[in-house]
């Protein structure tokens, strides 16, 4: 049974349905990427998982439990963390305080969690007293992921983590994403850079106009002519 | 005029007044930064706090012992006001809450006038001579005021920097969506903010009262300098509010060099417009709503 | 009270309602249509009153003015000076969210109050200004009152028609579009900024005119005549209760609130002195509470804003 099983989900922010039936699964320790043209509903599909959407049809089952319609704070506690695309750090708080906020809901000793995060993002160790807002874009993205990882989630949702980053940082973020997966976390991410993302993920979904269009392993999708023509720039 | 005269007659009163403004302005900046609206009942909440302290003093307490108790009571009142009048407006545009707070200001003032009347009064009677500290003249109440302000500011800073819920308040001010994603309970932060703000207003009202007099319009007249101080320092910045408060207080005392004394209150307004014109984020780079 | 007394009282009330209706219309332009928070209405009202008084009153030894100029000049002056004070405030504060304008208008009202009290050479200080002429003031009492009422009604009607016309014009649709987007202020273009400024300045000018009407009705003015907070607040509750965004609502709100406010004053004045003073505060408390109740249970007011008219077909 997959860790996340989203079946034929319909819904939107207001009354209009942006998602017209999206089905996505994520297995344990898998990196799954959602790609698609602008307006395909990629980020919306992800927000549906995190309870930020009015879901009007279909079901979302996580780790054997139906979480359709749950509020985000309940979903967080169940083991899904979400990293928004923008404004995803506390700019006026230090790197370490960002991590503390990430662990806000956890009780007890958090030193193991801090250690794990700093191990994943060694660059941040020296900057732990710096304000997150003063860091570079790539480092801010690391802080954002680190904050989300503090709750020790089973599934991490990343909304366009490489948006606006240089190729060097993009590679680094992908590498970190793999490291996070290797640490036992499943990852669902939305990507604008379809080619690079499909090359690095385990499986991918291509969405168009709010519905599934293609799915398969990253390599298979990259090889698919229709997918390539659709938006990979030929 | 000698330097000592300048210090004794302008600077010291300016600093005392400024620290009173500072305590009020911290509250304004917290509400502005965390709850994101301009709270116009702030001054009249300070009036209420001052009168609660007066009631305690009348009942036989020493003024400075009455202060913490008055702060606690006003904190409760502030939470109650939020629950009763602001909370149900939170889904509406924030400006509606601003309007509601103007109504609350009027209600608080009329309650004070009903219970205590409109005649000015004082916590203690009799003239107190200042003590000479190497030429600088300070009255005990001024010394206590400055000490209390330092304690309040340091305590609050420690709370905001070190404690879990203090950090949650800063997180809410910094990025409310992310704070909620992190599991911070908005309701608790709101309540905590009002508790702190209520206590701070009471402190500012009391300290203005003990250094001047206690009367029903005192808080309303605090409102403009407090807002000027909060915006001058940078909305959301506690240290900015302190800095802004001191600047406004000192500027008011110094304004008599260029303006008739009746226009002291205009100084805050001039500073407010000036900062909005040249640097709306304030001296310490706060928020602009 | 006999019939004549009652009629006198009714006319007197109607004149004041008209003056308040002008204030509420001015606020409706600012808040109802444009989302601009003016918390210093009393200031603009006072400026209008004093300006017109100085321009038209008979000379007095202790202060400037007493130019005995025509009434219309006084009214125009009242509007111009109120507008001239509103302009820089709006220019500075309209770039930000409405909260900032609210703070600044509280400030300006406070400064105006200080100036009126302090600058005796200009405003007569606490003695105020007397000898303000009243149109048709030489007629017998009742006729004079009715004539003044007619003037007030004409002006309210004029203001109403003018504002209604503006609302149906592209101007009005644009204003509402801006108002309904809280964040638009930050990102808006120059043209929108100019429109908002127009709305603020024009609304303030109407408040100034209302002040002028008040001073000529009263024939005099003193600083005590205007309690800044209560006056401002009464106008707010008139507009919100009547129906913010609806001009008829503004006028209706002015009538309803003013009648309740004055009749309650009549009633409480009959109480023993001790209680009467207490009752005054109770009345203030109740208007504060009324606002909370309206905001909570009927935020759209008695006459809700009508749906914007569809644009004319071309």
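Which chain is which? They are A, B and C, in the order written, and residues in each are numbered from 1.
Everything that follows uses one rule, which is that a contact is a pair of C-beta atoms (placed from the backbone, for glycine too) under 8 Å apart; a residue touches a chain by one contact, two chains touch by 3 or more.
Remember, it's a predicted structure, so these values are computed and weren't measured experimentally.
K.L.:
When B-C is set beside A-B, which has more C-beta pairs in contact?
P.N.:
Higher C-beta contact count between the two pairs: B-C.
K.L.:
Whose Cα centre is nearest the centre of all Cα atoms in view?
P.N.:
Chain B is the most central one.
K.L.:
From the C-alpha centres, identify the chain that is farthest from chain A.
P.N.:
C
K.L.:
At what distance in angstrom does the C-alpha mean of chain C lie from that of chain A?
P.N.:
Once rounded, the distance between the two centres reads 55 Å.
K.L.:
Where the centres are mean C-alpha positions, what is the separation of chain B from chain C, in Å?
P.N.:
Comparing mean C-alpha positions, chain C is 31 Å from chain B.
K.L.:
Determine the centre-to-centre distance between chain A and chain B, using the mean Cα coordinates as centres, and give it in whole Å.
P.N.:
Those two chain centres are 43 Å apart.
K.L.:
Which chain C residues qualify as touching chain B in the complex?
P.N.:
35, 37, 39, 89, 92-93, 95-100, 102-104, 106-108, 110-111, 114, 117-118, 182, 186, 229-230, 233, 236, 240, 278, 281-282, 284-285, 287-289, 291-292, 295-296, 299
K.L.:
Where on chain A does chain B make contact in their complex?
P.N.:
Per the touch definition, chain A meets chain B at residues 72-73, 76-77, 82, 84, 87-93, 97, 100-102, 104-105, 147, 151.
K.L.:
Considering only the defined contacts, which chain B positions touch chain A in the complex?
P.N.:
My answer: residues 164, 167-168, 170-171, 173-175, 177-185.
K.L.:
With touch defined as at the start, can you tell me which chain B residues reach chain C in the complex?
P.N.:
Chain B reaches chain C through residues 32, 37-38, 40, 85, 88-89, 92-96, 98-100, 102-107, 109-111, 113-114, 220, 223-224, 227, 231, 260, 262-263, 265-266, 268-269, 272-273, 276-277, 280, 288-289.
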